[in-house]
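Letters are used for the chains, namely A, B, C and D, taken in the order the chains are written, and counting of residues starts over at 1 for each.
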Amino acid sequence: MTAVSIQRLSRAFGNEWAVQELDLEIASGEMIALLGPSGCGKTTTLRMITGLLRPTSGDLLFDGMSVVNIPTERRGAALIFQEHLLFPTMTVAQNVGFGLKMAGVNKAEILSRVNEMLDRVELSGFGNRKAHELSGGQRQRVALARGLVTRPKVLLLDEPLANLDANLRITMRQLIRSIQRELGTTAIFVTHDQEEAVMLADRIVLMFDGKLQQVGPPDEFYRHPRTAGVAKFFRSQNFLSGTRRGNIVATGAGDLVVSDTVIDTGDGPVIITARPETLRLSSGLNEQNSLAASVITSIYMGTHTQLIVQLQDAVWHVQAPPSTAVKEGDQIFVELPKSEIWIIEDEPESFALASALNDE
Amino acid sequence: MKLDRYSLKERLKIPLMVFPSMAVIVLLFGGGLVFGLLQSVGYLPVAGLTDFTFSHYVNVLTDPTFLRSLWVTFRIAFIVTLLSTIIAVGMAFVLREQFPGSRISTFVFQIPLPVPHLVAASAVILLFAQSGLISRIAVAIGFIDAPSGFPVLINDKLGVGITLSFVWKEVPFIGLVVLAVLQSVGPKYEELARTLGANKRQRLQYVLLPLIMPGLLSTWIIVFAFTFANFEIPLLLGQTFPQTLPVQAFQEFQKPELTSRPIGMAIATVIAAITIVLLVAYRRLARYSRA
Amino acid sequence: MTVKPILGAKCLKAIGLAAVIGAATPAATSAGEIAPGFDTWDDVLSAADGTTVNWFMWGGSETINGWVDKYFGEVVKERYNITLNRVPIGDTVDAVNLVLTEAQAGVTEGGSVDMIWINGDNFKTLKEAELLYGPWSESVPNAVHVNWNDPSIANDFGVSVDGLESPWGSAQMVWEYNSAYVSDPPRTFEATAEWIHSNPGLFTYPAPPDFHGLSFVKHAFYWAADDWSVFQKPFDQAVFDSIAPKVWAYLNDIEPDLWRGGQTYPAKIAALNELLANSEVYFGMALNPRRTSNFIKNGTYPDTIRTFVHDTGTLTNKNYVTIPSAASNPAGAMVIANYMLSTEHQLVQADPTRWGWGIPTDISTWTEAERAQLASYELGIATLPPGELAEAGLPEPHASWVVNMENGWIENVLKK
Amino acid sequence: MTLSSNQQSLKKMVKGRGLAERHPLNWTRWITVGVIWIVVVLPLTALFLRSFAFRWLFPDILPGQWGLRAWDYTFGESSRVIEALLNSIGVALLVTMLAMIVGLPTARALGMHDFRGKKVVEWILLTPIIVPVLVAVMGIHIVFIKLRLTGTIWGVALAHLIPATPYFVLVMSSVFANYSPALEETARSLGANKFRVFRYVTFPAISSGLLGASLFTFLISWSQYVTTLLIGSGTFVTLPLVLFPFLGGGNAAVGSAITLIFVAPAILVLVLTSRSLGRGSTVMGGFGKI
């Protein structure tokens, strides 16, 4: 069942489009990550969903009902701010119970629901503290409890882990995920960190420059990026142009066989990609999908060895076993497993231009 | 040795930094209060007063004129503080947002702040006297036909003229403090409250007012104490009788009869005592509101 | 007596000194002196040369301020090389108070005040406190123009002058009314009460201790007493008690129909002037009979304001300048006071086109030509002829009455 | 009274969002703006008109006859306005300078250090702001007379210093609270001597706050009436003293002209400081934290 439906949602600031024609359906209980570099429009989208910002055009539906004209306070979209914002004039319990109090819930019920929520976020007994007496992680948990206690239609989190240190991120991530699952709350969070998105979200929504790039489960962004931009955002630099004929892509370095499940682009020029960690070193050209390459750099990384190689006219990254002993200038063979090759949708001509600009 | 000298220098650093201003205040202000207190109990040998007595206090505190003055002074200060706060907070809420003309209007809003109180009094007289500009406009419109038809707003029983000139001055003061707090807080807390279902009234009551409260408390106490102790405005715009306490104190002090001076000082001491109580009460309150 | 001005830089050193000096002692003239510390007028002139005189005077009249700066400031600078520093004060009592406070603090010389425009009660206070310099006023050269045998000169509100102050001008109270609204002003207290009751809100008087307000109360006392000569003697409680109730009854009777229902009174005469100018009230009062015409001329008043006197007369008084015993520059002050009395200056001062101040000196000591010039002055549009004024003149009460009248008004009328 | 603040960082965060929306003029905003303009501009206009009116009698809304008489008198010698103006400026400058000398070190100590007795210092600073200065000045009057300070610019300046010092220190301490000493330390480590550190590091960092605080202090002295009346003994005349007799029923035209002269520097100061007084100001914020 669709909890939130975003239809051709757009927002302009002056002459600039912050968000352009965004379409998205979010199922009930789903956890969505709005991912993208800063300035891509993800926060603007979040604020439009909460109602703090009016869309320039488009529609927004909660449970099938348009909410564009419903003010924030009656929309039921709870927002967790990046700064772990707590009302400084209130205690923890007052903060958590704020939404219930606004809704006119009676005191006894507020008390029990607040205590229950504080238990869930592992802050029982902190009810009488003031905001400035809490650590960053504790503040974040109070903010989470406060957002969830009213059972919002949708929970929105703006960079929920951005201001926390590394260890705390892991515990908070787990906590957020588990509580969201338990309560079955529909949630959307904004992040610029693709790892965070992958680990937390059921589905990722990737945006560049106010436009939607790709929507799907996290693994698709690794294995099946739609564009070079998406692939690069997920830290893959490996692209090679060739000419497709059926399941064969002929490149300057040799022919590659691709799987039947690769998208159908028809015959003609295409660009293929494969992630560094899926590549293997092979013994020679005779093995299927092996291409000759020369080593530019080899960096020992502990768990693996990172090779940067020249593959025909492209520079590729290869994640080799840690014991790999090659050095600069060595000639090696890289095998691209058939199932791991993917064809991106970029036009080869425009890609050449873009990669010339982007590669440094 | 060098180490010792260094640490001595370090230890004396803060006291030396604090000393000059403390000396000025303790000597001039503290000294003034002490001399005033001594004069009020009739003991100040340098002035030829040697009879230690509380009779001036007894006389002052049992004098119905004093009690009426105290009430008038208190009432005016209270009304000024209340009115200024309500108007200032309301205006600050409007002015913190950007809209066409908001910048220039915020500037105009600040104009009375540095303007001396006497100027405010001067303008209030020109505008609100029974033959003042507003009365003349009322005549032109046809509401009244003679000055006597216009309500008495200067030198009046309720202190309307005094209140108006104080409010004119104090609104920007309170308003700018509130504006400064609101600006530094930003729109975040309100947005947060909205997402938690708080409507306009609830946001004001539960979020914004508690946020500006500490700032408001400080300005309240400053404005109240200032209004309570001001001399020239009630002297110009107050009625002949009863006058406010500072006017009464100063006039007693300035009377040619030498016996009046201790009485003036006794009234002044009572004013000081009341404001000190205010100060202490406020610090208590402030501690609670921030705890 | 040598006069050493103590400069600011020396003040700290003066602390110890000032602390040991006791109460002020009045100076006395010994035989052969023209004034305490001066044997001849030339001594005075040479002591005054190049000095500054701090003259404290009521500063609420721009006519008088301008007058003093021009006709004293410039002239005494040019002729005697004296710098006149006119110190404007809101009320003469402020200067009296300053002298008292300085004395209380042990200042016996080098005081702030050199000369005060004064009369009546304030003079009495300083004289009784023995804080005045002198005697000097009967021995300055131009004292020949003053008839010190005239009791109205030799007694200031009944208090003997004793050479401690020198006359400057003479005043007589007149009533003002707006002829645009009132055609025939009431000329008795009874008629005034009647007029007030039938025209509520259009009459008031300044609150004592304002001098004009006090004059109003004094007039009420004169009216209430069958014989006003009782006020010429020092204060008598029994007499006061027999007259005062009638006065308070009268003032309380008119109060509800005064301007603002009598809930407040104008604090200063200037406030009453403003009310009259703006037709908030129809009556005012002036202590200088020529002032009203001047006000019409300078735009303060509309040109429908006129003056009148009661059938029972109005109070006249002389006003003086005096010198405190702690004055830094008594010599300079005496030179100015002496110049004041010159016929040359009195003629300028009496000119209605300049100021029109009443003459306190004896014009029989003037030359024929000087008297002719005086007679040629034109009266202003609202000024009563000198004859009518002279006929209505009444002497002021003895100063000892005034404080009782003032306090009585505050207790029985204001606070009631 | 915690004068330190992290307003600065918060402000940056808010500004950084860049989401401050411009709102249209609805009726609440119309009324507020209208009231502000009328209430502020009308009195000043009335004063202006009155000063140029020769005769302005009831019930004329505009003066019946115009004239420069009030201004002639005001700038003439006998009004003493010029002398009073010079005295006012002189004493206010002196007070500002003295407040700066005694106040700057204290402000720095309060704004940048935590020390034992800080609370006591804050209390002492706060007292003259709340307890009327008139009371102390009345008490000390007799001592000033003995010291021959009455009637002198020094005496009046000392009296003005009582209210001026605490305000100066409190405002400056909130300026210092937002100032980081790290820059000074860097400069010293680079070999700058004490004077150079002050000249090139400290001063530029606090200069706008210092300007605001100084102008504020100037205005405190500028506005004093009753303290000058008492300590000046009437011989040291400042503008408010010259003005007072004309209010409440002196010559209103002259009163208005002097009032306009009296108000001019205040408006000038506002123009100079409107940025530091305006939105999110540390100076006004400092008051909120007293």
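Throughout what follows, contacts are C-beta pairs under 8 Å (C-beta built on N, C-alpha and C of every residue); 3 or more make two chains touch, one makes a residue touch a chain.
As the structure is a computational prediction, the values presented were derived from the model and not from experiment.
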Chain separated most widely from chain A, comparing mean CA positions: C
If you tally C-beta contacts per chain pair, the winner is B-D
Whole-Å distance, C-alpha centre of chain B to that of chain C, is 38
Distance between chain A and chain C based on Cα centroids, please, to the nearest Å. 93
Distance from chain B to chain A - Cα centre to Cα centre, in angstrom: 57
Per the C-alpha centroid definition, the whole-Å distance linking chain B and chain D comes out as 15
Shared-contact residues (touching 2 or more other chains) in chain A: 83
Of all the residues in chain C, which ones touch at least 2 other chains? 19, 94, 104-106, 266-267, 274-275, 278-280
Quick check: what residues of chain B touch more than one other chain, meaning two or more? 46-47, 131, 147, 155, 188
Touching residues of chain B toward chain A in the complex: what are they? 188-189, 191-199, 202, 206-207, 210-211, 213, 291
Sites on chain A touched by chain B in the complex: 50-52, 71-74, 76-79, 81, 83, 85, 87-90, 98-99, 101-103, 130, 146-147, 150, 156
Residue numbers of chain D touching chain C in their complex, please. 54-55, 57-58, 65, 67, 69, 73, 76-80, 141-142, 145-152, 154, 233-235, 237, 242, 244-246, 248-254
Which of the residues in chain D come into contact with chain B in the complex? 5, 7, 10-11, 13-14, 20-25, 28-29, 32-33, 36-37, 39-44, 46-47, 50, 58-61, 101-103, 105-106, 108-109, 113, 115, 117, 121, 124-140, 142-143, 146, 158-159, 161-162, 165-166, 169, 215-216, 219, 222-223, 225-226, 240, 243-244, 247-248, 252, 255-256, 259, 262-263, 266-267, 269-270, 274, 277-282, 284-285, 287-290
Contact set on chain C toward chain D in their complex: 6, 8, 10-12, 14-15, 18-19, 54, 56, 59-60, 62, 65-66, 68-70, 73, 85-90, 94-95, 98, 101-102, 104-107, 110, 112, 266-268, 270-275, 277-280, 298-300, 302
